[in-house]
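Quick heads-up: structures coming right below.
After this come two complexes, each holding subunit A, first together with subunit B and then together with subunit C.
Right after this comes the complex of A and B.
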């Protein structure tokens, strides 16, 4: 097996296109995951027991079933119910819904980790619910949420090759298509790995810096 | 004569947590301006009384009145009904509380902690709130710590900021729940001195739960000894501490002197 720069040259433009799709899917998926996750977290913390209970188990269900199966469901089963999604849309919804189950836990933990004394002090000072959330609870719970939310962005990026299963031509699939038609695997797959590394390593480092930056200065409430 | 006005009344109040009855048919009157010390063994319901007044805990039966107005109820067309959020909000203006664990807002500086409630709750502008905040910081001896965050302050300093924060809203009633028991012994006095000063210089009604008997003796107009959710004995400090009548009070004070309570 010998490394061929001609193959590299031929496959690079296709990989570049794939990378763009990968990045788009990651960011749109993450946006969905952050927004849906916040909604799910609020439902999980609902004072209405049934709502909290149902949304808790909904989250567990989504978390405990494989993303691949969820993607198949969205792309191959929904059409039977008359719902047709493009590969990209199905993929992004799959990513977003799957990871919203994780981000909802980040939000919930962030809020519940604020000591009870902070809620009580707010009540004693006669803050209303909005003021308590806006000026006491969120300023304390958002900073520790940022590193894990950033980490999920990186995880989602790494999971995007799964979208190839529903025919999205993202980075991995672009390489795969080339490989299968030219019987050249070494260069395309090496390059795919390299691309992921080039993005993942610096962003992991960045996430680590975030974690340091947002480390609580004091645990005392 | 403001001093004979009843500012707090508990009428036949009971409160349970599940199976555990914490307050039993409690009756209690507090006159405006009175300085009260609440003492008694652990679990006797002292904190619960303060928390009910601060609306952190509701009551099961009976009535609580602040300034002749129902706290946990309100009159609607002549009938008593459970208090609405709006009513509770209005009633809370009368009361301030200082906690054992300080509960300062960790993301705000000392002055920020005192300023924010005035702006949010009383609608003051920043300059007014800050001026008042600085006066209060001066009063508790922490002027130069205005821009320090809670984690940069000692426990005693944090607690003094917490007192200033509560005072900033000018409540008629101040509640202090064992405000020195989370502190290192050498920091206790700097906080108690603030309470002593408030007691002598203001006509704020003060309810203080404390295990510092010497402090209670000099600070209080009246001492209430609690046990099992009831007032066992009440009176002037010198009566309670020098000539306790009830066996349970005698027993408690004996244990305290022996260093157990």
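Right after this comes the complex of A and C.
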């Protein structure tokens, strides 16, 4: 098995196009996950028991089933019910919904980790609920949320190859299509692996820096 | 719904394959987690560097890419795996990298005094890890390992793409043969959910077992 640079030259432009789709899917999916996750977190903390219970188990159901099957569900089942989505849209919705189950836990933990005394203090100051959230709770709960949310962005990036299973031509699928038509597997697959490393290792390092930056002073070692 | 019942034998077969795949790769992942995690504390720089390379490689590239690499590229270099072996290797190696960070973090979380006490008692490195550090680190690891086990179980669905006949693969067969879509995918989603929930309950049991004795010790020590 010889490494061939001509194959590399031929496949690189296709991979670059795929990478753009991968990055688009990651960011749109992440945006959805952040927004839906916030909604789910608020529902989970609802005072109405039934709403809290249903939203908790809905989140758990999404979290305990494979993203690949959820993607198949969106891609194959919805058209039968009369809803037609392009592969990319179905994929991005799948990514967003799947990871909203994770981000909702980040939001919930962030808000619940604010000490009880802070809520009591704002009540003692006669703050209304907007003021409590805006000036007391959120300023304390948002910074610790940032590193885990950034980490999920990296995780989602690494999950995007699953979109190839529903015919989205992202980085991995671009390589796969080339491989299957030219019967060259070594170079395209290795390059895809390399692309992932090039993006995710520096971003993991960056996320680690964020974590150190946003750690409460008392916990810095 | 009738035809889905007709297909229940292959769904059961798929469920068994999924469970086998999960358990086999969980054992592999756990072993790798400890080896790579402990290697990070090695006194030899080369061992630590090798552990970091392993971690960054398997955590940095996507699991599905690793699986395809093992199944399609390695045979070209003369290394042949059956689909099942490739699936177990990819799932195990991938989750092993995440697990090694859990092991490392948990051992680091054991207080410094325990380290020093073991040194004061003239324990060898092996004794220090075996009798002092690891037993105290395990309860810390379990909740994260529980989450990783669910991630691993979900990752096995990807193995259907390298022709392993697990649940997801069976659902695709049913879809192709019957043109049904809602039923097969809904059924396997529920089966996956049940498997995951059983795994969660199992790890909760393990957690209780490990934290029981621990509580007494840590209270007595204070």
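Just so it is clear, the second predicted complex is superposed on the first by the 217 of 221 C-alpha atoms of A that agree within 3 Å, B and C clash if a C-alpha of one lies under 4 Å from a C-alpha of the other, contacts with A are read in each partner's own complex, and residues count from 1 in each chain.
Everything below uses one rule, namely that contacts are C-beta pairs under 8 Å (C-beta built on N, C-alpha and C of every residue); 3 or more make two chains touch, one makes a residue touch a chain.
On a predicted model such as this, the values are computed, not experimentally measured, just so you know.
Once the two complexes are overlaid on the shared chain, A:196 sits against subunit C while remaining clear of subunit B. Touched residues of subunit A, counted separately for subunit B and subunit C, are more numerous for C. In the superposed model, A:139 lies in contact with subunit B only, and not with subunit C. Residue contacts after overlaying the shared chain place A:209 against neither subunit B nor subunit C. When both complexes are overlaid on chain A, the residue A:182 reaches neither subunit B nor subunit C.
By the document's definition of touching, of the two partners only subunit C reaches A:162; subunit B does not. Within the superposed three-chain model, A:61 lies in touch with subunit C and out of touch with subunit B [touch as defined at top].
When the two complexes are overlaid on their common chain A, residue A:131 makes contact with subunit B while staying clear of subunit C.
Listed in rising order, the residues of subunit A touching subunit C in the complex are 1, 61, 63-70, 72-73, 76-77, 80-81, 158-162, 164-165, 172, 176, 179, 185-186, 189-190, 192-193, 196-197, 200-201, 204. Those residues of subunit C lying in contact with subunit A across their complex are 56-57, 59-66, 68-69, 72-73, 76-78, 150, 153-158, 160-161, 168, 171-172, 175, 181-182, 185-186, 188-189, 192-193, 196-197, 200. The touching residues of subunit B, counted against subunit A in their complex, run 54-56, 89, 92-93, 95-97, 99, 101-107, 116-117, 120-121, 149-151, 165-166, 169. The touching residues of subunit A, counted against subunit B in their complex, run 115, 117-118, 120-121, 123-128, 131, 135-136, 139-140, 216-218, 220-221.
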